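Labels run A, B, C and D following the written order; every chain starts at residue 1.
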Amino acid sequence: MQLGMIGLGRMGANLVRRLTNNGHSCVVYDVNAAAVNALTGQDIQHADSLDDFIAKLSRPRVVWVMVPAGVTGKTVSDLAALLSVDDTIIDGGNSYYRDDQVRAKTLKPHGIHYVDCGTSGGVFGLERGYCLMIGGEDGVIDRLDPIFRSIAPGVASAPRTAGREGEPAAEEHGYLHCGPAGAGHFVKMIHNGIEYGLMAAYAEGLNILKHADVGLRSRTQDAETTPLREPEAYQYHIDIAKVTEVWRRGSVISSWLLDLTAAALAGDSELEQFSGHVSDSGEGRWTTLAAVDEGVPAPVISAALFGRFESQGEADYADRILSAMRKQFGGHDEKQKSDS
Amino acid sequence: MQLGMIGLGRMGANLVRRLTNNGHSCVVYDVNAAAVNALTGQDIQHADSLDDFIAKLSRPRVVWVMVPAGVTGKTVSDLAALLSVDDTIIDGGNSYYRDDQVRAKTLKPHGIHYVDCGTSGGVFGLERGYCLMIGGEDGVIDRLDPIFRSIAPGVASAPRTAGREGEPAAEEHGYLHCGPAGAGHFVKMIHNGIEYGLMAAYAEGLNILKHADVGLRSRTQDAETTPLREPEAYQYHIDIAKVTEVWRRGSVISSWLLDLTAAALAGDSELEQFSGHVSDSGEGRWTTLAAVDEGVPAPVISAALFGRFESQGEADYADRILSAMRKQFGGHDEKQKSDS
Amino acid sequence: MQLGMIGLGRMGANLVRRLTNNGHSCVVYDVNAAAVNALTGQDIQHADSLDDFIAKLSRPRVVWVMVPAGVTGKTVSDLAALLSVDDTIIDGGNSYYRDDQVRAKTLKPHGIHYVDCGTSGGVFGLERGYCLMIGGEDGVIDRLDPIFRSIAPGVASAPRTAGREGEPAAEEHGYLHCGPAGAGHFVKMIHNGIEYGLMAAYAEGLNILKHADVGLRSRTQDAETTPLREPEAYQYHIDIAKVTEVWRRGSVISSWLLDLTAAALAGDSELEQFSGHVSDSGEGRWTTLAAVDEGVPAPVISAALFGRFESQGEADYADRILSAMRKQFGGHDEKQKSDS
Amino acid sequence: MQLGMIGLGRMGANLVRRLTNNGHSCVVYDVNAAAVNALTGQDIQHADSLDDFIAKLSRPRVVWVMVPAGVTGKTVSDLAALLSVDDTIIDGGNSYYRDDQVRAKTLKPHGIHYVDCGTSGGVFGLERGYCLMIGGEDGVIDRLDPIFRSIAPGVASAPRTAGREGEPAAEEHGYLHCGPAGAGHFVKMIHNGIEYGLMAAYAEGLNILKHADVGLRSRTQDAETTPLREPEAYQYHIDIAKVTEVWRRGSVISSWLLDLTAAALAGDSELEQFSGHVSDSGEGRWTTLAAVDEGVPAPVISAALFGRFESQGEADYADRILSAMRKQFGGHDEKQKSDS
């Protein structure tokens, strides 16, 4: 099939490569002409303007939008003004699913189809394939099936699940039509929310391992420091890089995130190149908002999210209030951060 | 009654003052002779050594130990070597209740009684009275009743609870025999665990209020910062000091801790004298350990405890692992702490 | 001053009583005529329809709306259609502050003032006074000052905060103009969020106390039950009702919520009349949403909220997934709920 | 090598099979004679008593203990009485690492070596291999290397980590000498703590997905139920079984636990065979205790643990207290659990 790609950052460019490697043809466009020119190959056609882009696509057109979240809305509306009845826009970025709901509704009277596609795979997706979570109308998604199948990792990328038989279903190839507009990004949002929780679970556990030597360290002796009751129980120097490696094989907690952690630690077990300021990127927040709206508990995912806020310094005023309270009721003078 | 007090820090000295103001007599001792000399008054007798201290007490002796947690064990065993059958040691500090269990068991064969007494009241206790949570043998606690009653705040310090009638019970005076050895410090431990949760609830809420202006601030625009979807909803400059004051009257969340918070903020609403390093002091940890041993959920108290650990910088390695993972799977470069 | 009150439930009726006891006059209306007729007193004038209600108020009219959250929007718009330039609507219920922002904006072109007033005090407010958190335009709030002052508890209801001098400020009377439209309900929302955290801290702590006897109970001995390592450390029968009473005097955690807890337990320490289904009422959710939007950690308040969702059975599917996972990897057969 | 195995449950029997398949010989014993007789094969020698077991092993003997946690201590001391200088006991079960520390210290004067070996792999280990986390003395562990290497999954079971070169290290085979006595079970404990967090992250996320239809359900309309503000945003019926399947390929959250979840849901997406009572098995508790002792935050792992306690009904008294408080301050009648 022919597909137009707008946005040739790492993700967009790799999708084009994966599609053309699989026999599809692509028209590509980016506001940055250098990105367009850098992406060459058989079956890749360059466009030098949005008009040129539209002109080079055959009807019914299929346009995949892969631009930063902040400009997706504008890109979709600019595109919509140029597209025709039965054309399709696929938003493959990390949009909030509520924006998808609005966009699909806005485009519907114009006969333009809107498909939201949550895309997971990160920097390894070109080789490994991307996991796709898709929302939109049934007929439109069916028509795009060859596209999605080519992007997805394919059945062979994991052993078949016990209990599944016969012709592999789409989800076994690594793509899934999750429901109407927004459903794809809803599922992707939850995917990322889970990712926050998984990451935090590993990080916490490794931090506890790292501190298994606390009984060997001389601790400050003052009224503001709780003494360790059994120092002899905490006298281990654990090699965190080796531990993450050993867990990769045969353990219950093996995972792709663990593979990445082992890789990060292989060369740099102290991670001193990092300051520990952990950004968050929307989906963790939205997952928590959804849990609250639905009235469903999410203590782990929200704790992971709040841990990131703390790493960003956002607990500071709360912490100063706690120190102020302690001074009031107990006359405790605060240990300065540098004392610790 | 006559009581011997070992340890004349703020708490010990104030207890002596409160007792002698209420008609009791005290023999006082501290390793720091200056502390002994500073505490004068009718019915206060100085001791210049532990032997002198013991000699000045009439049998059966009653000794209240009010020394730093780290030296309580040694003080109790030194005392025990000098005391006689039917004498009593009261540990009024913040001991771990398991130490009480051991000490009571060790002293029993010598006929020495051991009483643990959790004492709450902080720097305001001299005037306000101290809330006492007591563990030990029935007969011994009964005998000490006049001591405890004098230290406690008294019935008049709070309106009577609906449903309580007749002669006020001990707990309505502000002291309670909670059970056998260790029970007093067990209840005090939980008291402090609750305190951690209460403090954190106020601090979190006030922090959210403080950030109600987030829609007015210009936010960094980059791929690592989640945009605020509805900035118009967060354009309030809330005066936190005034809010804590208004909640003191008539609201559901009025409390003594809120009174203290309002006092702290009255003179310094930004609290810039504090760095936000919040110490923890044993009981919050022990409460969490007890919850885990008992198999009882304590998400709020443990979250409060872990928030203090984070303020102490103890999440740093975990945060660096998260940044390392994000770089691995998404190619995200970490924002430096100084960028935020 | 004259004030019209719409909504004569417990809160509305008590506000009218408190206002007329303090020299104000009220016109009262409710869709339930019986509620109108039940509320009698000097300076209380009945209305039998909305038109009648409007007609009986002198201009510029002041109308306090105290109806269930679900009908506030309709009540405000019905009222707006009948009011005139410079009239004021006060929403004293538990509205979401974003609704206030919209309502104030909608009414502005009509010259009608909108004031949001978060009202805390519960069933005790008639006697104790209500804590008021107010949002709206400066001039309008100033004009209504006598109303707010009469409803608030008054300076005498709490000892003055150290550091405050001179003529007591409004917040020391128990009411505060927090900012423009919505600010009152924003502060009330956070107030209730804090309340969730405080309540949960007490409940958790008391639950741990309740289980201090776990070492005395015979525990199931099976592969699915973790043995208690030190049963001798958990052999206390703590009287929870007495503990909550003793903490009311002199302790750091004394509070109004603790007073209420002691009252609830005084007559019924096992609380077997309750099933443990804990409802939540909007503000706890909204506080969590605000924290997430602002990027501020709220682990304690959210844990309290999620605990309520769990009590409502909303973790059930998640728990079944956990049991299914355990069966998969470890062959663990689930203990039935009735086995525990 | 020759190895003696005591305890022929699923794990013990599978270890023997895996060892003898790899050229080792085993002497096997179990208190249950049927278990002994059921385990046949070349290189498997039966023992009918502990004495017989010891007699059939060549010196220096190597005994692997794989019995339920509750009887490990007794088994080790019974064995020790029969063993000789330079013999080795390996505890391959889920012991608490502090017990290992004590056992190693107790055996040392007798010249008996003690090795603790955390073993992960569950019911799939026979085929997949077991991940081994080992504690003990250097020379002893070195001597046992062929045993551990045969049990571990082997290098080929996962792609090599980028940055690792040359001869694969032990950890790349799937076994690791973590440190002195107890270090193996310490690392296994943290492994399981992480597992709790991972499992909870998936379960929470899937629960939020499951409730994505909340806007389609008619909700109770009463004062005790928070209305859903935007029901149109929650109208998805998500097929949870398909979602877990699609995430297995190419997504950031693919893992072995996800594979198992997909398998569990493949046949039974509602999981109605489960009641949602989730047992916990020691390591999650111990991980939390270690975090608290070390002063390291563990909000995610502890939240996962506390969620299990809640599923076991252990929040009930806390929840009844919350209902009692709400009745006190707001006059709220509790919704019965059956109403929800």
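What we mean here is this: contacts are C-beta pairs under 8 Å (C-beta built on N, C-alpha and C of every residue); 3 or more make two chains touch, one makes a residue touch a chain.
If you're wondering where the values come from, they're calculated on a predicted model, not measured in any experiment.
Trainee: Out of A-D, A-B or A-C, which pair touches the same way C-D does, with over half the contact pairs the same?
Mentor: A-B
Trainee: Same or different: do the copies chain B and chain C touch each other through matching residue numbers, with over half of them shared?
Mentor: same
Trainee: Which chain is most remote from chain A in terms of Cα centres?
Mentor: In terms of C-alpha centroids, the chain at the greatest distance from chain A is B.
Trainee: Between chain B and chain D, tell me the centre distance in angstrom, where each centre is the average of that chain's C-alpha atoms.
Mentor: Distance between chain centres, rounded to whole Å: 37 Å.
Trainee: Averaging only over C-alpha atoms, locate the centres of chain B and chain C and give their separation in whole Å.
Mentor: Averaging C-alpha atoms per chain gives centres 28 Å apart.
Trainee: For chain A and chain B, let me know how many angstrom lie between their CA-based centres, rounded off.
Mentor: 43
Trainee: Considering chain B alone, which of its residues make contact with at least two other chains?
Mentor: Those would be 122, 200, 202, 204, 206-207, 211, 226, 229, 252, 256-257, 263, 280, 285, 291, 293-299, 303, 306-307, 310, 312, 314-315, 318, 329.
Trainee: Draw the chains as points, connect those that touch, then say whether the picture is a line, ring, star, complete or other.
Mentor: Shape = complete; every chain linked to every other.
Trainee: Once bound in the complex, which stretches of chain B touch chain D?
Mentor: 252, 280, 285, 288-289, 291-299, 302-303, 305-307, 309-310, 312, 314-315, 318, 329
Trainee: Quick check: in the complex, which residue numbers of chain B touch chain C?
Mentor: Counting only chain B, the residues touching chain C are 97-98, 101, 120-122, 125, 128-133, 152-155, 157-159, 161-164, 169-176, 178-180, 182-183, 186-187, 190-198, 200-202, 204-209, 211-212, 214, 226, 228-230, 232-234, 236-239, 242-243, 245-259, 262-263, 266-267, 287, 290-291, 293-301, 303-304, 306-307.
Trainee: Using the touch definition up top, name the residues of chain A that touch chain B in the complex.
Mentor: That would be residues 10, 68-70, 96, 122-124, 199-200, 202-204, 206-207, 210-211, 221, 223-227, 229, 256-257, 260-261, 263-265, 268, 271-272, 274-282, 285, 299, 303, 307-308, 310-332, 334-337, 339-340 of chain A.
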